[in-house]
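What follows is a set of structures for review.
Both of the next two complexes hold subunit A, though its partner changes from subunit B to subunit C.
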Partner chain A sequence: MDFPIFQADFFGNRFLIALIAIVHVIINHSFAVGLMPTLTFFEWWAHRTGREDWDRLLYRILAVAFVVTTSVGALTGVGIWFSTSVVNPAAIGSLLRVFYWAWFSEWVVFVCEVVLILAYFLTWKRMTGARKTTHIRIGIALSVMSWLTMAIITAILGFMMNPGSWPQHLDLLAGFLNPAYIPQLFFRTTAAMAMAGSLALALAVLFTGRKTDLRSESVRHFAGWTLFWIVPLTLWSLVYYQAIPAEMMTNLPVAFGTQAWAVHYGLLLKFTLAVALISLGVNVWALVRPRSAWSFIWVVPFLSICLLIAQFERTRQFIRKPYVLAYYMFSNGVRIDEAPYLAKTGLLANSAWTINRTVSPDNRTEAGREVFLLACSRCHTINGANSIRTNLSRLYPGQTWSEEAIEGYVKNIHGARPYMPPFPGTAAERKALASYLAALQTKSDRIASNASIPRN
Partner chain B sequence: MDSLVPKDVLLPLPAPVWLLTALLLISFLLHILFVNLMVGGSILVLWTEIRGLRKKEWDRVSHRIAETVTVNKSLAVVLGVAPLLTISVLYTAQFYSSSTLLGHAWLMVIPLVILAFLFAYAHKYSWTRLEGSKGFHLTLGGVACVLFLSVPLIFLTNINLMLYPEHWKSVHSFWNALWLPNVLPRYFHFLMATLALTGLFFVYYFGRKGEDLNSGNLKSTDVVRSFYGIALGATSAQVLAGLLVFLTLPAHVVSLSLILLLGLVLALVPVALLWLWREVTAEVPGRRFARIVLLLTSVVVLMVLARHEIRETAVAPHRALVMAKTAEYQRRLVEAHDYLLIPGGLGGAPASPGSLVFDRRCASCHAFDRRLVGPPMNEALTPYRGNPRDLMNWIVRPGRRRPEYPPMPPQEIPQDELQQLVEFVLQ
Partner chain C sequence: MNDTMESRPELPTDPRWKPERTVLILAAVVQILLIGSAIWYSETSPATPIDTTRRLVPEVIVPEDVVFRDTEIAARKGREIPPVDVRQAATPSPEALNEGTRLYSEHCRLCHGPGGRGDGPAGTTLKPPPRDLTRLSGWRNGTRLSGIFRSLTLGIPSTSMPAFDYLTHQQRFAISHFVRSLAAGHEQDTDTSLASLDKEFSLSQGAREPSVIPVSTALERVLAESSGEPEYRALTGNDSPTASLLESLEEPDGRSRLNRILSSDTTWHQDIERFRNLICLDPAAAGVKPRVRFLSDEEWQKLHALLRELLVE
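Right after this comes the complex of A and B.
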């Protein structure tokens, strides 16, 4: 509200954040948090049993993980900061004030993690013989650090969905120990291990010759590792599911797909279950008949588990709506406690980056456009992703969009759609918005990223 | 100007300002050190590889440099997170405003750095494999270098724009902001600092005891002397660049403490230049290394302080306005809440519970006698007169009866509310 408006006109702001965040989660969980303990465990086993071919294989898998985590992995992590601060500065600015020290500690752990992965990878070939034990210890330290960074961040993620008693007491510890924390942490830990097993399986196929013993042995071992972690993963996901606040669960059908897919919730659910079962089947098959398949089949578990975790993240991001920070701030950056005040005194008048401070008969549509920017544009575009024009034509098929009808809809929008925040402005501003939206039926509009700059 | 004073985030700072400032300056110093080594390394790796085309031994030096770049770049990124967090907390109103104004360019930092890193890896790991096609190999390094050079420019543009709220209105793109006075001189200054620091780093790296270049007729002292030369040239150029930065500073950010800090720097730099010159011309360079590093470290610390002094002087008036506006807004919010808590403060006649449910859940799409999103109630309810059960079922699990309307979404509604609602609408 009090920052300039950035708009990804085609992509949509939500998709921008989601894309960066999901890539980051996939890399973080599978290539770092899960893979480092997995590799360390197998390195220890290969060392104990004197398997040098395994040691070479593990090194090659680590090389891939090293390049991926230190480039795309690290930068998408920073990218979450960049994208959230550009899209919703008020939200991330508030979150940062609450969790500054958590993030600062995470940073210290993160520095250790980077130093350790550099050490772990760059000394693998040098630390042999008697020094192998030390090298394995570096791997253990690295695994602990990777897990710790996730443990800290998960607290913050849990807070965004369910802040416990924080809104009443503004107490950090209460926010940190929110009810969803432990379930989510263990869900992510076990998911990371299963993902790493599937990733190692896919990469092992890349680095071993067809029909070699090393191929069938690594296929069997990594599939076994994945299956071993799928059991606790299933249990923890059930516990986690129970810990989601009840009112957020009502968002689930829309969150899981999109508005258009909400009616097919059951079908989507079955599809997701099918993906999980196929992945499970391939892993079991790998245990029983590791030689008997085309190589590419061993990539299926990793791809499907990435798909599942991406779907999980998408859903998790959506069900906290209409809030961006649960029970504290709505998705559009308006805090719950200021919403009634804004409804009385006006959204435009209380925002720094507006040209029209009040609504008058001459500026109705122009002012409505600014209301749209302030109240709606964090989630909606005009023509791009989650386009407001598409939504309106779905509401009023084959009719002229009437200002009056739209105004009435917006007035109670939070009742009609539980995931929408209440309209945060005066009746005049609501009418102005309706006039702008109704005009969109015949005349499109393009919102540039610097749309909010007063041109006076 | 008035409209561009934003309110701050309405939560207290997580720590005293002095502590946050100290953390910002220290973590930034660490971050910029590795950024310098990363960017400077990516330039010098090209320079030495090109020299290696004629004199093979330099190619080995270049390969060693490439190995340092990929390590230093990881530390540069990770060490950058703390200053990013801290500046976001300390300068929320200014930093987030300028970041948002530069939105697209600011976001481009992420893909640019990813690409830079991937090219740097490709360049390093293909060294022996591409021995035969040096042109292609140099192109990989060249692309990495250009990418590495582009990112600091975006950072500088943003960090400069945040200091000058008076320009926010006129900035319509990254290119506008880039041409604000001071950005390009600062960039030039940064580049020279980068080369000076990296030059010194490689003096240390290749001058270490037991450092065997294993490279025939290129002596370690020659390599060290070359890097001393770079440090000397770049430090001299920095005096010039620094002058340019100072001359393009807006008058209102120049304070007495800034002039004192810069005066101190100007007193120390000639000594450093003299020692560097002695090292370049010495028979066996290296004797004065420790004291040069010590002196230049003090210069860097002074420069970081000067930079902070400029930022504080520039931001102070705007920050005061932001704080006043935030306090005033908070006061009015509290007032409005107190009003709400007065019994009868809102007035009006009590409505029936069913009508409240209707307003909350149905009124967006249904009116009594006209079409909104859904059909008018007087017409739609006709089949349910005297049949509340079917209506309840329909609300919870609606089908689709009218092709000219969008389908109604199923309503998650508690049983008691549903009862009240149906009673109300059938009246």
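Right after this comes the complex of A and C.
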């Protein structure tokens, strides 16, 4: 509790991160990690078979990827670390201590990737003839570097779900090779390949003429490329599914479909499966009848696979709740080890940026507001996404909660909702929080983004 | 671009080379590697057995009352608990049922649902799910009124059912009556079961709950009392310039800190340099403003004399 509170009270902090992160994952996987080897492979193939029309098509697809990855891709990549650092500095600080050299290597690899994509794109038209082989080698190096950036970050993502033997060894390698790492790395690699195939399919439609041979040939080839990765992708996602810690599985319905939709988990699962099957069907259709369909249908696989990967990211992010770093730190930044100490000595007194240090009869509601900021606001807003006011009224339709009822509920919050962390303060602070939440039902409150006021 | 492409000198010259074959071999190798490694990994990595007793969050830290139950009970103001006529309270009455309906709706409905079927909105994800109060099998404390009262008072450990010990005895009886009205066929209390309930919670005795404070707070108070710190006397009545200098230097509520620093040490009584160091080393800890470091020698002498007068003589 060493940092001031940043609060995006309309969007919600989680949504802010999710928006940036999901856009980044889609761009990273489909436009970079997957697309670079895809283009390199087809470039090699076009070169060996002497297909210049293919070479031109691939260059155009690369042009799109070049612009998207170096602008939105790079910005959202850095944006993830900016947004997570302001929302939960304690969590990012902890990760930095474990993964310092990994992050450093990431930076080096990323710079190499940028240099290589510049070289790959800008020399495409110049390195022809005898130099084409060298150009293909640049493509291979670029593919390796793109993959490495993902391979490093995946270790950190896996660590957040299950740190494995790190608590015993406390070294980088133990954290890097966490139980979720290898399955997730293979899952993401194969998913990236399939995504790139679908993306190339969608872009090929844009860059080829209707009813041309190049159109039907590219549709068939890129769909074939996507289908090629489907079986390994399915197998590795099953392996990954098994690597999720068993005790987190109770979170799955909520993780998959949010609290509001958790009761319809079965329905959502069927819907997701349907999306996957439609995508599969369109790809098979492309193989069999590359000429006989409307153009826009070839965009469907990419859209559906983006939807699926976004759904996967949401589930992965949520399923480790109540932790932000599994078995180490709760979502609100409270370390599991310090929780008993805070319960004894108080959350307010141990936080650097609070005005009310203890709870007294005069400041109960004000202190409760600060307890809310410290203990709840990483995930909840007052008026926006995942609003605490709406959550309260939804639980108790048409009535207001009494302070005692809220207090009793908060006391037992982890038992009632396994993905909620246990309340991290003293009984007096819990009562203060209840007083604030009870007041919120009738009064409005606004939380500025720089919610904690500096003390003099 | 077309020109350069067309003038490319060495397209594959070996007529035996077939790109399809190379691609097929490459594809087969990649598939075998990926599928094989997936199967190998799932076979060799230890399967995580589904262990329902394994908890996501170690029990020791939820909730805080449990951790420090022995020493760190929350501070609570004492209260009178009026005696209850158990026999009368155990007899259902329209008033008790009305009161019970109101209280049920406020404290229980959220999880147990409006009709008591365990289908409240907050109960959907509980493990174990909230009890269906209309079905009478498997109740941890039995279906007697006394059993329901006991569940309400103590909660049910390792479930989400909390203790409602902050409600009065009468209110708990009222809820119990309402719960019994949700279905028919509950067990009836006997004289002995009522007597043992009475004894367990001293219902007909009434009680006086004393005010309680946590042991750590008590320890602090005991330490403060036994250290015999002399509070330095109020400065009221003393309107000398030195007294107002001291007042202007003190942090709000800094007086006790200055007092503690000065009474933990006697060497400063005769030694003005020692006095100066004690305070200037860490003005915040001494409860005074940092500008104390910039006082003149003359001011230090006066301050030393004043505090000696207040604390020592």
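In the analysis below, the second predicted complex is superposed on the first by the 451 of 456 C-alpha atoms of A that agree within 3 Å, B and C clash if a C-alpha of one lies under 4 Å from a C-alpha of the other, contacts with A are read in each partner's own complex, and residues count from 1 in each chain.
Following the convention adopted for this analysis, a contact is a pair of C-beta atoms (placed from the backbone, for glycine too) under 8 Å apart; a residue touches a chain by one contact, two chains touch by 3 or more.
Everything numeric in this text was worked out from a predicted model, so none of it was measured.
Participant: Is this a clash or a fit when subunit B and subunit C both end up on subunit A?
Facilitator: In the superposition, subunit B runs into subunit C.
Participant: Applying the document's definition of touch, where does A:182 land relative to subunit B and subunit C: first, second, both, or neither?
Facilitator: In the superposition, A:182 contacts subunit C only.
Participant: Is A:238 contacted by the first partner subunit B, the second partner subunit C, both or neither?
Facilitator: Second partner only.
Participant: Name the contact category of A:340: first (subunit B only), second (subunit C only), both, or neither.
Facilitator: In the superposition, A:340 contacts both subunit B and subunit C.
Participant: Contact-wise, after the overlay, does A:50 reach subunit B, subunit C, both or neither (first, second, both, neither)?
Facilitator: In the superposition, A:50 touches subunit C alone.
Participant: A:411 in the overlay: touching subunit B, subunit C, both, or neither? Say first, second, both or neither.
Facilitator: A:411 sits against subunit B and subunit C alike.
Participant: Examine A:426 and indicate which partner it touches, taking first as subunit B and second as subunit C; both and neither are also allowed.
Facilitator: A:426: touches subunit C, not subunit B.
Participant: Thinking of the overlay built on chain A, is A:104 touched by subunit B (first), by subunit C (second), by both, or by neither?
Facilitator: first
Participant: With both complexes overlaid on chain A, does A:394 touch subunit B (first), subunit C (second), both or neither?
Facilitator: A:394 sits against subunit B and subunit C alike.
Participant: Considering only the touch criterion stated at the top, classify A:85 as touching first (subunit B), second (subunit C), both, or neither.
Facilitator: First partner only.
Participant: Subunit C has the stretches 129-137, 201-209 or 237-245; which one runs into subunit B?
Facilitator: 129-137
Participant: Just to be sure I follow: which residues of subunit A are touched by subunit B in one complex and then by subunit C in the other one?
Facilitator: 250, 262-263, 340, 344, 394-397, 399, 405, 408-409, 411-412, 415-418
Participant: Where on subunit A does subunit C make contact in their complex?
Facilitator: 45, 48-50, 52, 55-56, 125, 128-130, 132, 179, 182-183, 186, 190, 228, 231-232, 235-236, 238-239, 242-243, 245-250, 253-254, 262-263, 322, 336, 339-340, 343-344, 394-397, 399, 402, 404-405, 408-409, 411-412, 414-418, 421-423, 425-428
Participant: Would you mind writing out the residues of subunit B in touch with subunit A in their complex?
Facilitator: Residues of subunit B touching subunit A: 3-7, 9-15, 23, 71, 74-75, 77-82, 84-85, 88-89, 92-93, 96-97, 99-101, 103-104, 106-107, 109-110, 113-114, 117-118, 121, 168-169, 171-173, 329, 332-333, 336-337, 340, 359-365, 367, 371-373, 404-407, 409, 412.
Participant: Please output the residues of subunit C touching subunit A within their complex, sorted ascending.
Facilitator: Interface residues on the subunit C side: 1-2, 4-12, 17, 19, 22-23, 27, 31, 34-35, 37-39, 41-42, 45, 47-51, 54-58, 60-65, 67-68, 72, 74-75, 105-107, 110-111, 121-122, 124-127, 159-160, 162, 164, 166, 216.
Participant: Taking the complex as given, what residues does subunit A use to touch subunit B?
Facilitator: So the residues of subunit A touching subunit B come out as 2-6, 16, 20, 67, 70-72, 74-76, 78-79, 81-83, 85-86, 89-90, 92-94, 96-98, 100-101, 103-104, 107, 110-111, 114-115, 118, 122, 170, 250, 262-263, 335, 337-338, 340-341, 344-345, 350, 352-354, 394-399, 405, 408-413, 415-418, 449-450, 453-454, 456.
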